[in-house]
Structures are given as structure tokens and as C-alpha cells.
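These are the structures in question, set out in turn.
First chain A sits with chain B, and in the next complex the same chain sits with chain C.
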Partner chain A sequence: MAIIRTKGLTYTYPVATKPAVDGVSITIEKGEFAVLTGPSGCGKTTLCRCFNGLIPHFYRGDLRGQLQVTGLDVKETPIHELALHVGLVFQNPENQLFALSVEKDVAFGLENLGMPRNEMQKQVDYALETSGISHLRLKAPHELSGGQQQRVAIAGIIAMQPEVMVLDEPTSFLDPLGAEKIFKVVRALNQEHHMTVILVEHRLDLAARYADHVIVMDRGKVILDGEPKDVLSSEKARLIGVGIPKVTLLYQQLAEVGLLKTNEVPLSSEEITALLRGVLND
Partner chain B sequence: MIRVNQVSFTYPNGTEALRDVSINIQDGEFLAVMGQNGAGKTTLVKLFNGLLKPSSGEVLVDNVDTKETSVAKLARSVGFVFQNPDSQLFCETVEEEISFALRNFGFDDLKVKKRVTWALNLLGLTEYRATSPFMLSGGERKRVALASVLAWDPKVVVMDEPTIGQDHRQKERLRQFIIQLNSQGKTVVIVTHDVEFVAECAPRIILMSSGRIVADGTGKEILTDPTTLTKASIVVPQITQIFLGLSDLGFPSDVIDLLSAKEIISERLISR
Partner chain C sequence: MSFFDGLKFRRVDSAVHLMDPRVKFFYVLAIFVIAILFHELIPLIILFLVQIPLVILARVKREWLRSLRGAAFLATVIFGTNLLFRFIYGGYSLIPSDVEHASAMTLRFLVLVESFSIFFLTTSPDHLGLALEQSHIPYEFCFAFTTAVRFVPVLAEEAQTIMDAQKARGLELEKGNFLKRIRNYIPILIPLIISAIRRSLELAEAMESRAWGAIQKRTNLYVLGLKATDYSMILISSLILVIGVYIRFSISIPSFST
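This part shows the complex of A and B:
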């Protein structure tokens, strides 16, 4: 079942001369882990803003085409209603955090839903625990490091348990182990709670292995849309500068000169190590 | 160029961000400061241009104690590009943004124009000259911030997480550009988590954890040592993971970059 469906979606910011999202038609199935990538400025963030209604309701501008999220027509549905279904973690956590303590920030969305206090406490504990920041609960968000702030923003969305979670480069400020931890948290929400995940990410070396669907954008348009192995091994992806994992690049370079060949293009170091071991022991 | 002698730093809220840190950065060196979130990396580099002054110990830039001079004076020789471009950008157009510091340093109009054009071109921002920085994407704003610092040609360039929000092609450009800056004799300091980026640049690396320097060495030494890296919350580069995984087949364990990996593996596959 499709949880997000767009058809010919085109959006132009109020004073802009050309559209930031240009004729995008995509379908994201319920329960998918989708990675959205492409060169900086390609329209990824703009597309994410469409999913939770910030576009067109907050940013205004000109939105054309069809846009359905969790069965709702985004153009006709107010942001506060969409927020129950779609959670967005912003690229820059400072744009999202404002309360005087981490705990209050994470609880804010739930307070607005009018959730009873003890239930709220449970949800907040769960969100803090899952994002690994329980020890920071009484700290002020603006005193935390960039990576810690990013985890607070993610906790705020986890607490809301929306059907769809959109994360716009959620780990950019995190150290690699911290990033992996977040990806694993998101993967668990996806697999155990069937939350649909849309992850905007340049660091495909870390993210590719979790995805079941990769969408590549360039200059407002979707240029590749499919399974990770197909998308990441395509010539087009390399040409526009998608951050293909180094193991995949290594494989491609060895395959080009006829030294390696497999139908399962490796996306992780374990996969290519096994492949090389097999060939060398042959 | 920069000498940090037994420096400790405590923020007003009581957080001890640096504990007895000493490091020497030579003229023309290329250094990557790596480590986990909250390890004190950003605090350390903020000492270099005097934004922060040590609570104890001393920081010398070009033999001048940062306590004895002003940030404005230090900025001419130590340019600082912030982690979050929004902490740095405020003008109405990209051109004004890049011109701002140049005017403050007293460059004449012609020189300002020339340097702005040079910096825009260098970072692929020419088409945004008259655009508001706030209309640009996160990755583009980051490049505007970088352009505005490089424009005044400081002797030391400190970049806090320069690869955040940059796509693959821009990272490659940034890498070549850093190597070029460095080969022209500039001292370059980057703070980063991006192991894959560092693996391809192979600078000197210092690893930080809980306010201390826990390792200091070449890219090959540090990035192929899983035990030390894990302590600093850094993962082993993908290429190194492959080589560590195949070490029982006689592969070297100190390979960090794609090009060397391809050469070594090709050789083995051909001679099979």
C-alpha cells in the first residue's frame, strides 16, 4: 500500500524563478526504508517539506500536481493534522529546538496532543533512551554539541511515534559510531514498529545497507528510483556525483577491467570481503 | 605556527571541555582533529583564533600569546569556518557576505571585487552572486561561509566539519582544494568525523576523547588501529575494513584509500 504518492509534483518558492521540485512522481510504500539523495541544492529538502505540509502551508509559493501522504491530500490538510502522521527531523537541529531542557523539548509535541502526564512521561523516557540521551534530560539544548542536539531533535519525533518519519540529514553532525547508532534506532522503528522512513543522506557508505528503496534527485527532478543495488551501481549515479559507498566504487573499478564479477553488487565491506575471499580461495 | 601548552578549558557552566592538552602545529601542516561528539574538538580549534582563551596554560599563534591580542588581529592570520554556516552568515547577498570581511581588513574596492570573484569561482558559487544566502541549500550556505574566509587569504584555515551537507562531487572538490591550499604552504586544520574523507587526504590526525588527545600520528597509523578509533567513537574506513578482513590472506593491513586498494587487489587478482 502506498503511504506517499506524488504525481507531477512541481513547487516554486515565492520569489524564485525556477521550480525547486520539478515534475516529481514517486511512490513510497508503507513500511519502506527509503533513502533520498542527490547533489546539494537538488531539491531533497524541499521535497521533504512537502511531505509534512510545510509546503505549501508555511512556505506558500506555487505547488502543482498531486501529493498524497497517509491517504491525506496535503494541499487540503492543515499542518497540525499532518504532524500527527508525519514527523520531520530538520537538517539543522537548532531550527527545531527551543525549550529550556531536553526533556521539555522532547515532551512538547505530546503536550500539544493533550496526552496524560504519566503516559507522556513514558513516551519521553522511551524516546530519550532510544536516542541514547537519557543522561542529558535536564540540560539546556542550546548548550549541547551539534551531535547531541541532533539526537534531541530525533527524540522529539520518536516520542510522537508518527506513521512516517522524514529525516533530513539527521546524522550530519554525529560521529560515525553515533551516526550508526541513529541509523540502527531508525531501522528498529522501521522494522519493529513498521514506521515508514524517508532518510535524506549523502553518506551512503553508512546508510545504503539499511535502505530498501533509493531515490536520486538532480536539479529538482527524480533521475533514479529503485532498489539500492541497481541505483548505486548505475553509471548515472556516479556521473552526477552521488556518494556511492567506496566498496561499491572499488568493486566497479575492478569489474570494469574484468577482474571481478557478481550479480550482487557489494554495498558493504563485509560483502566485498566475502566476494574477494571466494575468488582468491577458488 | 600554533603552539598549545598544557591547556585546560572550562566553560562558565562548569563543563570541562579540555584537560591538559598540548600540541604543536607546524607552519604548512595539514591536520585533522577527530573524535566523538563533545570530545572538545571545536573548543580546541576555537583557541586558535582567540575566540576562546585557555582557563590555564597558553596558546601561541606565530609566537604571540592569544591572551595578549584581539580576535580581530588574530583573524587576519587564522581564518575560521564555523560548523553551522548560519552562525556566520548575515548579509543580504552572497557577494556582500564575502566582501564584508575584506572591507573590514581594509582592501580597496577593486581588490574586494577581484577576491570575491575568485572565491565564488573556486567554490562553484558564481551563479549565486546576487542571491540571498538564506535562499540557498544547507550545503551551498556552507560553501558561502568557506568562500568568505578564504577570500582574505589567511595563513591558517580552520574548518569545523567542512564536509557536512556536501555531496560527493563537492567533497572531492574540497579535498583537492585543501590539498592545493596546503601545497601552497597554508596551514590547514579540519575538525571532522568524516573518516572516508580523511582516508583520501591522509593528513596528520589527532584523536580526542573527553577533552584529551588520545592519539597523534599519520593517517595510516591512526585509521588502521580499530582499538584506538573505537575509543574516540570513529569507525575504521571501509577500505581498511576490507584489508583487515583479508589480512590472513597476506594482504597489508595499513591501506586506507581507494587508489592503493585498487592497485593492491588488482595485482593479487591478476597474479592468481
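This part shows the complex of A and C:
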């Protein structure tokens, strides 16, 4: 079942002359882990803003085409109603925390919705638990590392229990270890809590192995859309400079010189190790 | 940041920290009124000493001392000017009661500093925002207040980073006369303002994404309620107020110098 469906989606910012998103038609299935990638400035953030209604309600501008998210027509639905269905985590962890303590911040969305206190407390506990930051609940945002701040932002979304979580380069300000922790939380949400995840990511080394679906954009258009193995091993992806995982590149080179003869495209070091072991044992 | 340290909140698990900010504010007001009523040294000394148990109870002794030390310079100025005026009005001579008066004025100032620092040291900005909210101040205003407090350390850090970056490019802050020095700060202020504007746009976006303004009557994770300690604090403050006013108007106060 499709949870997000766009058809010929085209959007132009108020002062811009050409569209930032240009004729995008994609479908995201319920429960999927989708990775959205592409060179800088290709319109990934703009597309994320469309998913939760910031475009067109906050940014105005000119939105054309069809855009349905969890069965709702985004153009007709106010942002605060879409917020119940789609959570958006931003790139800069610092600028999405408002309160002076972690738990208060996590509760922010629920407070806005007018949830009764005892219920809210339960939801906050659940969100803190799921993102592994229960021990930080009384800390102030500036006492936290970037990775911890980003997990607070994620917890703030979890607390609202949307069906879809969209994360816009959540790890670009973080060190690899912090990034790894974020991916683990997101992965658990997808696997154990059946949340649909859309992750925007430049560096696919860590993210690709979790994906069910990879979408590559370039200059506002979707140029590749499909299974991770197909997309990442395609020539087109390499040409526009997508951050293809190193193991996949290694596999391609080995395949070119004829050392590997399989159709199994590896996306993680574990997978390529298994492949190589198979070859060496022959 | 050391300038604010004497008033900066630190989370401590104490009865005073848990008190309702409105109650503590009432206490500050009571002390304020009484301190203004008296200009004699002895009652002000008492007023200064009565507050010390509260500081000990709140376990903020070190920070509290630091706030007093921060006030030392102003206190000296107050003492000096008072003495100077007495000296001029007294026909260019000083008697012991002049010194006593100047000390009393200085102590009055210190009593005020003392009570304010107790308030700010033991009241989390979160609680303060909540107290504003529950005093029927519009939520938008309370939110602006807590968010401003939230971003003070962030902007301070950013200002430092920009200053370092501009210095590395050869900007000399401490050069030239007064006006020139102010102008030196422009290359620091402009990036700071631009980044603050960008920040506020991103914040607005994040707020919208979390259902800001979904309904009229939003709820709150915390609520302030009066507890036994709050009632005893109200009682103590009222007693200070009543006793102070009574003494002021019906008992003549002894002095050290007469």
C-alpha cells in the first residue's frame, strides 16, 4: 500500500525562476525504508518539505502536480494536521530544539496537540526509551553533543507517533559514531515499530545497507528509483557522483576484471566478505 | 560568560529549587519592600542574615558568594557616593552616623542582590516560563522567553567563534578610540545577526512541523502546584512583611552611633 504518492510534482520557490523540484513522480510503500540521495542542491530538502506540508503552506510558492501523503492531499491539509502523520527531522540538530530540558522538548508536539498530562508523560517516556536517551531527560540542549541533540529531535517526533518519519541529512553534522547511533535508532523504528522511513543521505556507506528503496535526484528530477542493488550499481549513479558505498565500488572493479561473477551486489562489508569467501573457497 | 555566573541556574535537588517561582517572587518582593522601608543599619543586617539559611537550604552557597562578589564593585560605588554626599551636605565633615548611613545604603543594595540571586539561582528558566504561563500571560510570549533563554549559550558560543575567525583575519578589536572600537564590532555583529535570522527561520520551520498552533488550549508537561514548602514560604515572607512594617511604624530603632 502506498503511503506517499506524487505525480508530476513541480515546485518553484517564491523568488526562484526555475523549479527546485521538477516533475517528480514517486511512490513510497507503507513500512519501507527509503533512502533519498543526490548531489547538493538537487532538491532533496525541498521534496522533504513537500511531504509534511511546509511546502506550500509555510513557503508559499508555486506547487503543481499531485501529492498525497497517508491518504491526505497535502495542498488541502494544514501543517499541524499533517504533523500527526509525518514527522520531519532537520539537518541542524541545534535549531530544532526549543525547550530548556530534553523531556520538555520531546513533549513539545504533544503539548501543542493538547494531549492530557498523564498520557503525555507515557508518550514521552516511550519516546525517550526508543531513542535511547532516557538518562538525558533533565539535561539542557546545550549540555548535549550534536548526536544526542539529534536523538532528542527524533524522540520529539517518535512521541507524536506519526506513520512516516522523514529525516533530512540527520547525520551531516555528526561524527561517524554519532551517525551510526542515529541509524540504529531509525532502523529499529522501521523494523520493530513498522514506521515508514525516508532518509536523505549523502554518504551511503552506512545507510545503504538498511534501505529497501533508493531514489536518486539530480537538478530537481528523479533520475533513478528502485532497489538499492540496482540503483547503486548503475552507471548513471556513478556518473552524477552519488556517494556509492566503497564496497559496492570494489565489487564493480572486481567484477570488471572478472574476479567476481555474481549478480549479488554487496552493500556492506559483511556482504562482500561473504562473496569473497565464496570465491576463495572455490 | 563569567559575568552571568552569579545568577546562572544550576539544577540542584533542594526544597528551594522545587518551590513555585511565584512564591519565590513573592518572597523577593517582601524582602524588597522591607529593605526599602528601612535605612538603619541594624534591621538591614538582620534582613541580610535571615536569608542565609535559605541559601544553605538551597545548597547554592558558592554561586551565591560569587554573585555577592560580582556586586562588590557597585557596592563600593554606592558606599563612596553616599559618603561623599553626606560629607558635602554635612559641611565638609564626617561624623560616625554618616559612615553608618552609607553602610546601611550599601547593605540595602546587598540585601536586594542577595534575594534576587536566591531567586535566579534556584529557579530554572523552564519553571519561570511555566510560572508566566500560569499567570495567564499569552503563551507566545512565554515561549519567546524560554526560547530566548535556551539560545543564550548558543549565541554566546557563536559570537566567540565569529570573533576568533575575524581576529584570525586581522581584525583588531581593542584598537582606536571609543567610537572606533564600537565600529570594530560591526564585522562581528553582522554575521551574528544573519545567522540568528537563519536560525529563527529554521526554528519556525521546526515548530510548524511539530503541530504548533494546532489548538487554542495547549497542555503542558509540567504544572506548578503549591506544596507544603510553598505554603511555609508564603508564611515566612508574610511574617517578614508584617513584622517589618510593624517595627517600622511602632518601634524606634537603635543605632550604633548615637
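Just so it is clear, the second predicted complex is superposed on the first by the 276 of 282 C-alpha atoms of A that agree within 3 Å, B and C clash if a C-alpha of one lies under 4 Å from a C-alpha of the other, contacts with A are read in each partner's own complex, and residues count from 1 in each chain.
One rule holds for everything that comes next: a residue touches a chain if its C-beta (ideal position, glycine included) is under 8 Å from a C-beta of that chain, and two chains touch if they have at least 3 such contacts.
Remember, predicted model here, so these are calculated numbers, not experimental data.
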First, second, both or neither for A:Ala83, with chain B first and chain C second: second
Touching partner for A:Val222 - first (chain B), second (chain C), both, neither: neither
Touching partner for A:Val124 - first (chain B), second (chain C), both, neither: second
Contacts of A:Ala208 with chain B and chain C, given as first, second, both or neither: neither
Which superposed partner A:Glu94 touches (first chain B, second chain C, both, neither): both
Which of chain B and chain C A:Ser145 touches, first, second, both or neither: first
Which of chain B and chain C A:Gly243 touches, first, second, both or neither: first
Chain B versus chain C as contact partner of A:Leu254, first or second or both or neither: first
Common ground on chain A, meaning residues reached by chain C in one complex and by chain B in the other: 92, 94
Complex interface listing, chain C residues touching chain A: 11, 124-126, 129, 143, 146-147, 149-150, 153-154, 199, 202-215, 217-223
Chain A - residues contacting chain B, complex: 13, 15-16, 38-41, 45, 91-92, 94, 143-148, 169, 172-180, 202-203, 205, 240-247, 249-250, 253-254, 257, 259-260, 268-270, 272-273, 276-277, 279-280
Residues of chain B touching chain A in the complex: 13, 15, 35-38, 42, 83-84, 86, 135-140, 161, 164-172, 193-196, 230, 232-235, 237-239, 241-242, 245-246, 249, 258, 261-262, 265-266, 268-270, 272
Footprint of chain C on chain A - complex, ascending: 49, 52, 54, 57-58, 79-81, 83-84, 87-88, 90, 92, 94-101, 103-104, 107-117, 120-121, 124, 138, 140-142, 153, 156-157, 160
